[in-house]
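The following pair of complexes shares a single chain, chain A, combined with chain B in the former and chain C in the latter.
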Partner chain A sequence: MSEATTKQEREAALEGMGCSKKRKEDARFIQGTGRYTDDIKLPGMLYADMVRSPYAHARIKSINKDEALALPGVIAVLTAEDLKPLSLHWMPTLAGDVQAVLADEKVHFQYQEVAVVIAEDRYIAADAVDLVQVEYEELPPLVDAHKAMDPDAPILREDLVGKMEGAHSVRKHDNHIFNWQAGDKDATDRVFDHADVVVSQDMYYHRVHPCPLETCGSVASFDKVNGHLTVYLTSQAPHVVRTVVSMLSGIPESKVRIVSPDIGGGFGNKVGIYPGYVCAIVASIVLGVPVKWVEDRMENLSTTAFARDYHMTGEIAADSNGIIKALRVNVLADHGAFDACADPSKFPAGLMHICTGSYDVPVAHVNVDGVYTNKAPGGVAYRCSFRVTEAVYVIERTMDVLAQKLNIDKAEIRRRNFVKAEQFPYDTCLGWQLDSGDYHTALDKVLDAVDYPALRKEQEEKRAKGELMGIGLVTFTEIVGAGPSRNCDILGVGMFDSAEIRVHPTGSVMARMGTITQGQGHQTTYAQIIASELGITSDEISIEEGDTDTAPYGLGTYGSRSTPVGGAATAVAARKIQAKARKIAAHLLEVSEDDLDWEVDRFKVKGVPGQEKTMKEIAWAAYNNVPEGMEPGLEAVDYYDPPNFTYPYGVYLCVVDIDKHTGETHVRRFYALDDCGTRINPMIIDGQIHGGLNEGFAVAMGQELPFDKQGNLLGNTLMDYFVPTFVETPHWETDYTVTPSPHHPIGAKGVAESPHVGSIPCFTSAVVDAFSHLGITHMDMPHNAYRVWQQIQELELTE
Partner chain B sequence: MIPSEFEYHKATSIQDAIAKLAENDEAKIIAGGHSLLPMMKLRFAEPPCLIDINGIEELRGISVEGDMLVIGAMNTENEVLNSPLVQEKCSLLTEAIKLVADPQVRNRGTIGGDVAHGDPGNDHPAIMLALDAELVLEGPDGKRTTPANGFFLGTYWTGMEEGELLTQIRVPVREQGVGYGYAKLKRKTGDYAVAGSPVYVKMNGDTVSDIRIGLTNVGPCAFRAEAAENLLRGNVITDDLLKEAGALIIDACDPAEDLRGSPEYKSHMAAEMAKRAIRQAIEDARN
Partner chain C sequence: MAKQHISFNLNGKQVDTLVEPRELLVHTLRENLNLTGTHIGCESSHCGVCTVDMNGQSVKSCTVLAVQADKTEVKTVEGLADADGLHEVQKAFVEEHGLQCGFCTTGMMMRAYRFLQENPNPTEEEIRWGMSGNLCRCTGYQNIIKAVQTAAKNLQNANKSVETA
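Up next is the complex of A and B:
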């Protein structure tokens, strides 16, 4: 057997980076032995349930708890009045606002938390909720964000009246939250004033909800004897929750333990802190027994975090060849009743200024106004990185409109405007530095794969017969991996992340990270990174996350930041161990470190076959035979502050056929090419892409949180809220190119959100394309049959 | 999502269920529970007592009696779907049930529960009308058989008397020249129909000698598109005639507005589904 073969065999045995290793976590999930928050049952545990407002906007005249308290098994009923002495009736939000924990004199949205019932069992708690009598005086609701800043608009936040200095800017109106801008307004306007061609498109990115399978919940357990508070919580950011809980409760952070057990999907829904968590914690501290609060599906869809709700206008100034000269984006952001958006502190509109997309845009300006309405707070990044979906939507839609106006094919107009491969790293006019990319290659690969000219020919034939066929195309660039602490923090904590790796004497590994998996497969992929870096098989590497008592501090998992930040910390920590291992190997082999070569899983003395020490041997030696002056053990910690974001990108193409009689859209083909840099586990990447495409399909084609004029939420059950099953889900074709990130230790960029971000405008692009020959430039989502049918009726396409 | 407190009684026989129902006029029969339990969890329904008829063997079984296919009310949707006898004798049920809810619901939901609940969104009431089925009811005063035609009176309102139980569904077995069609538009798996239409035709050569068109979820209860039936009966079906029938169906509909669409949309979809089902049925009759 040759040396090379042996080396390859050893490499394969590691099941490290690049291996489609099956997910370690699946064995317990598919056997139903995962352990979720609602599985936690502690001795003496009580149950909390919420009394919620039936009105979107009303004054609370009185709350009568007597009948509820008289029900056997009811322990307590708490209202804002009860939390006031503890100063916990309001809580700070991540966006610099405050949010009522329990409604204080007024309710600001339907289903808002008004009182919490604590009872001996879940059933008694539900019965008691019905017995709490709340008298309301209805107030005029503000539902339409466009009317929020009218002079005669009802004022929502009486607590803020007269406070015109907001967290991010001066407020122009009592219902105004902030104005935020990026870019050069004057220079942009000048280009628009003299441009050959200007297009402008209004579009509404509707309010949706991440709707993870597992709803939010917590079990709080305060030990009155030693003053320790343990909270089991469905959190995507347990360490940040610990800091916030300590700050709110006054309990030292060392005595607060947050545990995120298995999580049944997050998608941004589990980043924030919700009133139910605070109520469970307060009740446990007051009563000295564990208290569980777990929301049901309707509570989840109605109250804990919406996403999107951006009214956008995209404008492009171009020359007659379609070359972009300037971009202007204007946004009216509906943030609901409290500004509880989960964004890095400095960015009230998230990373909206990535909206120049994949294009070489000379100058741009973005203007965002956030307003209050009588809807639930939230504004979370639903499977995306802080408003990137909105940014990608506005640029990709507006590019299509420009193509249409100039009668240039939508692939061609993108090709003409792409940032070129040789321009990377590319500084955008709005202040980002795109790290790497080769957009032209990706586009060509997709167009070839689907035989784009043939599709266009077929479409032409279909149009001649009066049939509706559409081709959607999107060439998106994401910004993920928040982020460099110079511009990213959450409540003042920089958005680094961390890894702590311990190599045991026998050469197995325990590693803990500050991130937290919710289905991403961290237990598998982090182990693969370490396997490749340390030459230890990934099966011998255990990964633990989510327990703040044991894991190093990290900012958590959202915004595709685990691989770009946590993965980088993992690689760097592993390299620290490898560096120490090299010293030990040199000591054991009695050579200088420079005489050693690393090969897969061992150090070899250069030019002396057979003189080598495996990582296993080195690990053993680390505990009994280290060089003089070196401390024993083989461990490392890394807190990684990334130098830049990473910028994964992709080219998506979608073909739809629309039934003229019913308005139904059939997705005939969806081709997704992603470039996420170095690929750690291709099978997991494919799984993530499938999942993201499914959720993108859901948002584009059906999901919405609709309100009536009174502010009543009309669709908060899974009967109405669209979660596609395998019956509805289209067939996905995936493809890839690999353009590593130059600044990331292993060149990886993050992938799980790209398919969501990129597919949504692609579905819109395809549906609109079916009508584009009839002069239609845009149709708002969701593209359900009813809405598409209305478009067909307007155009009088059926007799 | 937590129901109010209720008493639970597991009935051992039809007589036991009827007796228990007589004791408590607010008691509800629970069959598959897929309509009742969600309403209870939302506390839209708060029955003090549930009488569970799942254990009653007499309510199961599928057989042929003369020219009627007899289906026990407690057959689950999947039991009916997977029955070769149903496939042979009345394939409309087989084809339609494929579009009822999803496989999990079809494992629990029963054909009798679907009919007796009186929900205009349920699939079987309109199917019963199209098939000209008979319903067997048992109550304190004994057993009676009533035609499905005229049974559905309004939303959650049927011709069942107080204290009665639906025990059997009897549908005519397929005759020579008969064809069936079923078309249903729904937003997604598990949703109620935006509009649905089961159709029965009897062909004499190219002429429709008889036709029954049922309509689902486009009025307070399932009903037949009688004006359209009258127009088509005795005629050779042409595109123009179908178009005319569609207009009559639109006029006959009276759906409520909800997230599935406006009354106008739903009425148009009812016509579209009926037209598709009619074409299917004519094709089916030829084979």
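Up next is the complex of A and C:
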């Protein structure tokens, strides 16, 4: 056996980076031994259930608990009045606002939490909810965000009246939350004033919900004797929750243990801190027994988090060749009744200013006004980095409108405006530095793969026959991996992340991270990173996350930050261990460190075959034979503060056929090329992309949280809220290019959100394209059959 | 409310227990019998994460009363593997990366277990319709379809080798 073969075999045996390793976490899930929050049952545990408001806006005149309390098995009924002495009837939000834990004199949205019932089992709790009598005086609801700042608009937040200095800016109206701007307004306006061509498109990015199959919940357990509080909860950011719980309760962080056990999907829904969690914690502290609160599906869709709800206008000034000269974006953001957006503190509109996309835009201006309405709070990033889905949507839609106006093909207009490969790192006019990319290559690869000219020819023929066929194209750039602590923090904590790696004497590894997996496969992929860095097989590397008592502090998993930040911390921590291992190897081999070469899983003395020490041998020596003056052991911690975000990108193409009699859209083909830099596990990447595409399909084609004029939520069950089944879901085709991030230790950028971010405007692009020859430039989502059918009727296509 | 006595075969073992007349089977399984592999996602029969097998049919245990399980045979994910090891459906879900967060997986596998007895050699289209009562938010279904196809193939091969043996 030649040495070269051996080296390759040893490398393959590690199952490290680049390997489609089967997932380590699967073993428990396929046996039904996963442990989710609702699976946790503690001795003496009680159950909490919520009394919720039937009205969107009303004053609470009285609450009568007597009948509920008389029901056998009911232990307590708590209202804002009961929480007031503890100062827990309101809580701070991540966005610098406050939110009522239980409605304080007023309700601000339908299904708002008014009282919490604690009972011996969930059936009794549900019975008691119906027995709590609440008398309301209805107030005029504010549902239309466009009317929020009218002089005669009903005032929602009486607690803020007269407080015109908001968390992010001066407030112009009692229903105004903030104004936020980026870019150079005057310079942008000047370009628009003298441009050859200007296009402007209004679009509404509707309110949706991430709807993971596991709803939110928690089990709080306070030990009155030792003062320790343990909370199991569905959180994408357990360490932040610990800090917040400690600040709210006054219990030291060392006595607060937050555990995110297995999480049944997050998608942004499980970033926030919800009244139900707080009520379970308060009830456990007061009663001294464990209390469980788990919401049902209706509560989930109605109250814990929403996403989007951006009324946007995209405007491009260009020359007659379609070259962009300036971009202007204006947004009216509906934040609901409390500003509970989950964004880095300094960015009330998230990273909306990534809206220059993949294009070389000389100057731009973004203006965002956030307003209160009588709807649930939230504003989470549904499978995306903060507001990046909105940013990508507005630029990609407006690019299509520009192409249409100039009668330039939508692939060609993008090609003309792309940031070129040689321009990276590229500083955008709105302040970001795109780290790496080769957009032209990616576009060409997709157009070749689908035979784009043939598709256009087919479309022409179909149009001649009166059939509706559309081709959607999107060339998106994301910004993920929040983020550098110089501009990203949550409640003052910088958005670093962490890894702690321990190599045991026999050479196996336990590693813990500050992130938390929700299906992304961290237990497999982090192990693969360590395997490649340390030369220890990934099977021998155990990964643990989510328990604040054991894991190092981290900001959690959302905004595709696990690989860009947690993955970087993992690689750097492993390299610290490798550096120490090199010293030990030099000591064992009695050579200088410089005489050693690292090869897969061992250090070899240069030019002396056979003189080598494997990582396993070094691990053993680390516990009994280290160089003089060196401390024993082999472990390292890294808190990684990224120098920049990462900027994954992709090119997506979608082909649809629309039935002009029913309005039904059939997605015939969806081709997704992603560039996420270095690929850790191709199997998992493909899985993430399939899932993200399907969630994008859901948003574009059917999901919405619609409200009537009274503020009643009209679609909060899975009967109404669209979650695609096997039948509707298209077949996905995936492809990739690899352009590593230059600043990331292993060159990886993050991938799981790209398919959601990129596919949504692609579906719209395809549906609109089916009508573009008839002068249609934009159609608002969701593109369900009824709405598409209405467009067909307006155009009288079936006459 | 007076409790009712029910007696049924659960994963091959006889179970006797007292339940409230209004109690849902999923709660009996999870709370009373501590089999938490069966999950709750919507409590309205839409999502299928609570799917179990009852008298040879897939049922959504969030809308079956526990009293309806009296004198039946129920199989949950905990009963899918046997003394010989994992069921082919379980192995195929791992092999084809047919799961991510794992929450829908147990119900999904219980449906696949029954579906492949109803239709041992399904086309992709038949899988899509036959499994459509079970939702997944993570996978985009594509790898679940592959898993069901792989399980079908392996189950058929296993049956063939039994026949020829």
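Here are a few things to note about the model shown:
Definition applied: the second predicted complex is superposed on the first by the 799 of 799 C-alpha atoms of A that agree within 3 Å, B and C clash if a C-alpha of one lies under 4 Å from a C-alpha of the other, contacts with A are read in each partner's own complex, and residues count from 1 in each chain.
Here is the rule we go by: contacts are C-beta pairs under 8 Å (C-beta built on N, C-alpha and C of every residue); 3 or more make two chains touch, one makes a residue touch a chain.
All of these numbers come straight from a predicted model, not from anything done at the bench.
In the superposition on chain A, A:G702 contacts chain B only, with no contact to chain C. In the overlay built on the shared chain, the residue A:V727 is in contact with chain B and with chain C.
Of the two partner chains, neither chain B nor chain C is touched by A:H146. More residues of chain A are touched by C (comparison of chain B with chain C).
By the touch criterion defined above, A:T215 reaches chain C but does not reach chain B.
Shared-chain residue A:M719: touches chain B and chain C both. When the shared chain is aligned, chain C comes close enough to touch A:D262, but chain B does not.
Of the two partner chains, chain B is the only one touched by A:D127; chain C is not.
In the superposed model, A:T33 makes contact with chain C only, not with chain B. By the document's definition of touching, both partners, chain B and chain C, reach A:D296. Comparing which residues of chain A touch chain B with which touch chain C, the overlap comprises 122-123, 296-297, 718-719, 725, 727. Touching chain A in their complex are the following residues of chain B: 1-2, 4-5, 43, 102, 185, 187-192, 194, 243, 259-262, 265, 268-269, 272.
The touching residues of chain A, counted against chain C in their complex, run 22-23, 25-36, 38-39, 41, 121-123, 211-215, 262-265, 267, 296-297, 518-521, 683-684, 686-695, 717-719, 723, 725-727, 729, 731-732. Those residues of chain A that touch chain B in the complex are listed here as 122-123, 125-127, 130, 296-298, 661-662, 664, 702, 706, 714-715, 718-720, 722, 724-725, 727-728, 784-786, 789-790, 799.
Touching chain A in their complex are the following residues of chain C: 20, 22-23, 27, 30-31, 34-44, 46-47, 49, 76-78, 80-81, 86, 90, 93-95, 97, 99-106, 109, 127-129, 131-145.
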